[in-house]
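Read the structure below first, then the notes.
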Amino acid sequence: MKARNGYQPCRLPLARAAALRAEIDHFQAEYCAVLDANEVELWPQFFTEQATYRVTSRENVALNLPVGLVYCEGRAMMHDRAVAIARTQMFAPRYMLHLLGSTQVQDETTDGILSSTPFVLMQTLVEGPSMVHLAGTFQDRFVREGEGLLLADRQVVHDTEILANDLVYPV
Amino acid sequence: MKARNGYQPCRLPLARAAALRAEIDHFQAEYCAVLDANEVELWPQFFTEQATYRVTSRENVALNLPVGLVYCEGRAMMHDRAVAIARTQMFAPRYMLHLLGSTQVQDETTDGILSSTPFVLMQTLVEGPSMVHLAGTFQDRFVREGEGLLLADRQVVHDTEILANDLVYPV
Amino acid sequence: MKARNGYQPCRLPLARAAALRAEIDHFQAEYCAVLDANEVELWPQFFTEQATYRVTSRENVALNLPVGLVYCEGRAMMHDRAVAIARTQMFAPRYMLHLLGSTQVQDETTDGILSSTPFVLMQTLVEGPSMVHLAGTFQDRFVREGEGLLLADRQVVHDTEILANDLVYPV
């Protein structure tokens, strides 16, 4: 699954888009609450068994490059990553806080629901100011599972230049 | 149309305000997606034929000054501005990202729907960090056209001091 | 009332959580509009008569410390604080702007509705850039009063280190 480049206008009637946005808002609020509480071992539960997850720069997407800083294929791989992170002491304690903008619902097909959500990830080193760590968009494909949604694909497309060892945690 | 100064409490019943907020959220998500994708030539389509658009500081609004950094009257003028921008290479490539807060729906009259939406506009110079470029509120008047909403008036009231040649793009 | 530590998953069905989120969004938009317009004397009206309000750091919450930078018990105490602030000239004029992320609705019991909302508070000194002043979450308990909601308890849990004389205004 590739990140989508350029503006993708919403193809759904307003009422349907609004209903989906309410579901996606609910999902995103839980997702961010888990990561902001630093409970990274719960992170894979937001994805389907075969889901893909990638962190890549907007520049890579514009150049159509498949590479990215982080790539996970399948919940098992996310789980391994989460366990590894949970066991590793970060070199300096810090707090993370996700702030999400308005979700743009783009489409709903047999493959799932496509949406894009702008985010800013704030980082606060202990006893320090809060700084913008990463800004970008979540480019998501959701599928329905039981009562709620799960991510079948999340592309974290960041505007901010980041260093390889800077992004220990999932976004 | 002047920017509104001071707190404007919502004059609508909660259910009506919530329904309008859902429509406005939908609109804002599309609007920001277009600008963040840098497709400025699509920008005028969010306005009515006779719409007004102004970018001004909170200080100007407090002092009741009509001036502002940018002023457009009518979609034709916005179109000219958009074309001029699209043809101009920016002096340095950058990414923009709008992050919107909760929309406060204020009123609904025969003139349209009034609302205020806080925003932060992030700017990322290529290979650099993401910085807050502009913070402020959209003071909007929407009218209904067909299935959706269009802006009859947008006042971008920014808290941040900005330099004249800094604001090339619409906000 | 203590701030809640760790991830609190939503215990409500999606439809109920979405309906409550719409009400809370409405409330938060009014609350922030009042404070961002600097009309601090209207601030206590968002609370119940016996409400508690506390500003504390995430570190204090993690260590289970009851202390905080600001503590108000009852609307009368908030009113006194608001009047004192309104009468005091701030040492330097500035604009504040709240930007809220997605509200996570956590539960609804006979005690009220529990939710958590991430926020960033921007501060702009006159003629200056906009800076992140405070980032954190509102940990709220709402009760129903008439048509709308009122805060029975708000815990402003900030990630950012702040100085005692820095936080003159309610958040």
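Going by the order they are written in, the chains are A, B and C; count residues from 1 in each one.
By definition in this document, a residue touches a chain if its C-beta (ideal position, glycine included) is under 8 Å from a C-beta of that chain, and two chains touch if they have at least 3 such contacts.
Keep in mind it's a predicted model, so treat the numbers as computed, not measured.
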Q | Fitting chain B to chain C on CA atoms, where both chains share a sequence, rotation angle to nearest 5 degrees | A | 120
Q. Taking shared residue numbers divided by all residue numbers at the interface, is the value for chain A and chain B over half (same) or under half (different)?
A. different
Q: Compute the distance, rounded to whole Å, between the mean C-alpha positions of chain A and chain B.
A: 26
Q | Interface hub residues of chain A, defined as touching at least two other chains | A | 99, 120, 132
Q) Can you list the chain C residues touching chain A in their complex? A) 6-10, 13-14, 17-18, 21, 58-59, 99, 101-105, 116, 118-120, 132, 134-137, 159-161
Q. Across the complex, what residues on chain A touch chain C?
A. 22-23, 25-26, 28-30, 32-34, 36-37, 39, 42, 95, 97-100, 120, 122, 124, 126-132, 147-148
